[in-house]
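Each of the next two complexes has subunit A plus one more chain, namely subunit B in the first and subunit C in the second.
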Partner chain A sequence: MTTARTKPLSSAEPGQLAQGSSWLGALRNRRLWLGVLGWTVACLIFFPIFWMVLTGFKTEAAAVADPSLIFSPTLDSYAEVQNRANYLHFALNSVVVAFGSTLLALLIAIPSAYSMAFLPTKRTKGTLLWMLSTKMLPPVGVLVPIYLLFRDTGLLDTRTGLIIVYTLMNLPIVVWMLYTFFKDMPKDILEAGRMDGASTLQEVLYLLLPLTLPGIASTGLLAVILSWNEAFWSLNLTSSQAAPLTAYIASFSSPEGLFWAKLSAASTMAIAPILVFGWLTQKQMVRGLTFGAVK
Partner chain B sequence: MGLIMNKTRTAGRTVGGLRTLSLQAPAVSLLFLWMIVPLAMTVWFSLQRYNLLMPEMTGFAGLENYEYLFTDPALWSAMGTTLLMVGWVLVITVVGGTLLAVLFQQEFFGQGIARVLAISPFFVMPTVSALVWKNMMMHPANGVLSWVAESLGLPAVDWFSSLPLTSIIIIVAWQWLPFALLILLTAMQSLDEDQVEAARMDGAGPIAIFFFITLPHLKRAISVVIMIEMIFLLTIFAEIFVTTSGGPGLATTNLAYLIYIQALLDFDIGMASAGGVVAIILANIVAIFLVRMVAKNLES
Partner chain C sequence: MATLQLKQIKKSFGETDVIKGVDLDVNDKEFVVFVGPSGCGKSTLMRMIAGLESATSGDILIDGQRMNEVGPADRGLAMVFQSYALYPHMTVEDNMGFSMRLAGVSKEKRREKVLEAAKILQLEPLLDRKPKALSGGQRQRVAIGRAIVRNPSIFLFDEPLSNLDAALRVQMRIELARLHEELDATMIYVTHDQIEAMTMADKIVVLQGGEIEQVGSPMELYHHPRNRFVAGFIGSPKMNFLPVEVVEADIRGVSVKLPGGGVTKVPADGEGLRPGTALELGIRPEHLVLDDDQGPLTGEIQVLERLGGQTSLYVQMGETMMTIMADGDVAHRVHDKVRFGFPPGRAHLFNADGLTLPSLEQHPLAGLRRQDNRVSSEISDQ
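On to the complex of A and B.
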């Protein structure tokens, strides 16, 4: 953008050069100040995360001392958190629940999104919107019955229970995102496959899925992120057996649990993979989070 | 209805309809169950006398639970708190998000990395962000904020006991500001650069361009941000759970936390369900508008 605007200046006549270069200088100056402002704001917003990562490398004594950037880093807190074998237990719960529910949601959503994108009927639009509307039911409105149903069926504090809840929680978004990715795919390719005698299943497995893999991957990542960070159901439906990292970190809130360095180390490990996923998929994520209303 | 109409058409269409039905059946039926069963149960429980601590008290209560709920000062306090939380977080995130989107749209050194840093809080799990703010930022003795205040010669603030609601609002706004920024930045990308350039040629200053070109262009994205945030913010839970537990008193108890207290701490299923129905109605008022907007977009 800016480079395009500066180009004509370089080919300007000599008489205009003086005026041009001062204009260019002003532009550079403006960009410099914008840079300073942008980076200041970004660093301020990121600061709590940065500080948490830093605190994870401090000793407990240094963690509660006056804030300081200079300290001798140690991996003690990480080692200690890992040694308390239960960290791995909670991390494993998070992994199983987030990836399990995502795979299940993809499995259920792919046929549905396929038929919506390639065999649309009069009711397709209505079905899509209805699916979205289920996402708007506040979880707290159905907490009581879900809790009682889970208690009576033995699903309380089990990974299976959480996987069921997260699958259903993310299903509308997953169907929606897959639908938009499938719809963007040129229809001729599937048409050609059908001409060559491919069955629906072959069509999906050998043409649709490989061609829309990036879209499916970002849909899956969004579902993983949402499940990994979910903290309403995990706090209410699990206690110890199936508690994922969100619930484990919450246990640090008790007053006697003031181990800041350990909390920081555990938190850093808990958010690191998701931060990376988030950075990788931010563009496609907008599609899923706004149901395509913002492009 | 739809099936009958299909049958009167050609055989091929009926087969297509059947195929659609079988492909969509798993997703649709599961979601239908997920929505209708708990919803019906919530409404049913809300009309029952049902307290897990008093098993002998059962039976149809009519609107008794609602009567208790609406005469309970805790409900009105929780509604007020909910409104304050939603309102302030919306103001901060929408105004801040718009300004940040304009800033990060400009070209400057390392703008991509700065953007990524600024949207990061959205990917941090709520319990982590709440605890980091509680222990490392807002702690009255060892927090960074009190250290900054002291360095500037100001008195340190005991955030969670003197400004509990403000503290929660700050934490939640910090999580959702990146969401608004992410959405609005995406919307900015479709802004017509030629139009901006033309306005600049006509002598429009940056402020005029912002109010007469950028803001109208972002109108739609901003309303989407507002509606989605409203639905999520209506039921903020984890941030309250790990920081203030709804206190001191009822200062930070919102509707979601009140229902949690009634259901899982007081075991009053009937009352909690009545609260749940209120939450559902509130969310639906917003949801109707959002779904309509998405529907309009589907047509175009």
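On to the complex of A and C.
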């Protein structure tokens, strides 16, 4: 039946069909090139990570020798790294600080984004821009005052201190992202809730949060990742007690020289949890970051 | 009992006055329609009644109680939004029961009330669905159901039918009228569609530029518009307007010279009008009559729309385009020259300020309300 249908069509309009197929071919070609480009970029980005993981399984001598893909893998570096420092101690600090600061940032950002999105004033846009502008300041510019503040309040080398700094660091981005998600939420729904007798808190809990959950989740995930990978503040404000994994990595680049294999092994262990975490939440991240755009 | 009074209500956003002092009485069980072009302030006025917007000055009284400072949920109102504003993450049942859930009503009681409302709206088979699995008309009914469940003293409808297609709109219009009768509640309805206003209202409030132009029954507005704006806004197709000149005027009528030179005497109070004064004459398309022998007006047909039962003729007359609603089987063609006229009693005269000269004859249906329609139909049934 299909042949019967397609036959007269192709014989009746051969020119049009040929034109159509060449156009289709061009499209397929374009897709192919875009695919090649995409994979090249992905490989370029992934290569350092790949090399790091590889180096972690080499001996210290092989690590500084000619780069080669063929070598006999060893777990020596991992064993030694584990001997020199307690990985779990640092990892726990990372988890507590990353999730703690994210939770705190969300707690502060949700009400502020709510008021900016639904009760804007003349200065809302300015406030948002100002918040973002703080991200343009190099952190080192405020290192000394923050260090002194932390010293005087006893926050140096505490998880609480790091949580506070990370919360402040991520707050502008978190507020901005939540603001855009909240802005996409139809105002009518909240007003209907108000007519139904919802207080502001109930409005947020029963209507706003469930409806913008994908956005909130992706914002939270981003904040976790940013906090996990942060090194500047953790290196400067912690020494041992509250030091997270970024400090753990850095501890293997010592004045006695660089030990590439050990450094790589430590780095691999430090980024592994967040990589797995990112992998698991990938779908959620993409969904959240395109939330509203596809609605 | 549910009455609403607005006393000198004003609303300003910064420098702009959106509502410029509105006084209005809404009686118990009345169906009141706010109508006007977009930007006339009708939605703002409704949102102030609902409590979603605060009034800059003036008083909002519900059942005689000042409500300006009372929150939206405590005014005893329910509102149906243009976008329906259903909660997308809740089932139909949870949508309708949300207000009771907030009020701490028990689950059984909630279900009972929801079922009751669902029965009125034929929503029973849909109670477990989420809004996105419903059609536009069904969503609309859920939104109305959510309002019914609250058992409000006054229902507010903010352009509830404008997102529906034409056929569904007619059906929902009838359903809303039926609902009004069944629930015996006071209803306030905002629309820009004058047909919705004419068909559903007991009382129409015509708004323009943040002010009330006229309040009255549909027939009153149709037959006795207070000014040129109301005359042009109410009625479809729109009223025709012609420049005329006073020939002779007194309290028994006004004789005016029409554009073609003919003179006609309109039964309007022309006291104090001097001959030569420029006026505007308004005549509805359905009141213009083709009259090839004696019609005082002439023009050339530009467009002809045959609707079957009726034909709309668009006739160029000098600079003005006149619309005539004629019989379905009128034989004229495009570019034909036609003569036409009108019964003088159907014409309206407007002065330079756009105000209507008072008519000497009260139209017999001008005082008719929708309830009267119902009473008379009951009588005819018997």
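One rule holds for everything that comes next: the second predicted complex is superposed on the first by the 186 of 295 C-alpha atoms of A that agree within 3 Å, B and C clash if a C-alpha of one lies under 4 Å from a C-alpha of the other, contacts with A are read in each partner's own complex, and residues count from 1 in each chain.
In this text, contacts are C-beta pairs under 8 Å (C-beta built on N, C-alpha and C of every residue); 3 or more make two chains touch, one makes a residue touch a chain.
Because the structure is a prediction, the values reported are computed rather than measured.
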| item | value |
| --- | --- |
| First (subunit B), second (subunit C), both or neither touched by A:91 | neither |
| Partner chain in contact with A:237 - subunit B first, subunit C second, else both or neither | neither |
| First (subunit B), second (subunit C), both or neither touched by A:52 | first |
| Which superposed partner A:224 touches (first subunit B, second subunit C, both, neither) | neither |
| Which of subunit B and subunit C A:198 touches, first, second, both or neither | second |
| Partner chain(s) touched by A:109 [first = subunit B, second = subunit C, both, neither] | first |
| Which of subunit B and subunit C A:279 touches, first, second, both or neither | first |
| Broader residue contact with subunit A after superposition on the shared chain, subunit B or subunit C | B |
| Partner chain(s) touched by A:177 [first = subunit B, second = subunit C, both, neither] | neither |
| Footprint overlap on subunit A, where subunit B in one structure and subunit C in the other make contact | none |
| Complex contact set, residues of subunit A against subunit C | 186, 188-189, 191-198, 202, 206-207, 210-211 |
| Residue numbers on subunit B that touch subunit A, as the complex places them | 2, 16-17, 19-20, 23-24, 26-28, 30-31, 34-35, 37-39, 41-42, 45, 100, 103-104, 106-111, 113-137, 142, 144, 147, 174, 177-179, 182-183, 186-187, 190, 193, 220-221, 224, 228, 231, 234-235, 237-238, 241-243, 255-256, 259-260, 263-264, 269, 272-273, 276-277, 279-280, 282-284, 286-287, 290-291, 293-295, 297-298 |
| Interfacial residue positions of subunit A with respect to subunit B in the complex | 1-2, 31-32, 34-35, 37-39, 41-43, 45-49, 51-52, 55, 64-67, 108-109, 111-112, 114-116, 119, 121-123, 125, 127-129, 131-134, 136-149, 168, 171-172, 175, 200, 225, 228-229, 231-232, 235-236, 245-247, 249-250, 252-253, 258, 260, 263-264, 267, 270-271, 274-275, 277-279, 282-283, 285-286, 289-295 |
| List of subunit C residues in touch with subunit A within their complex | 50, 52, 71-74, 77-79, 81-83, 85-89, 98-99, 102-103, 146, 150 |
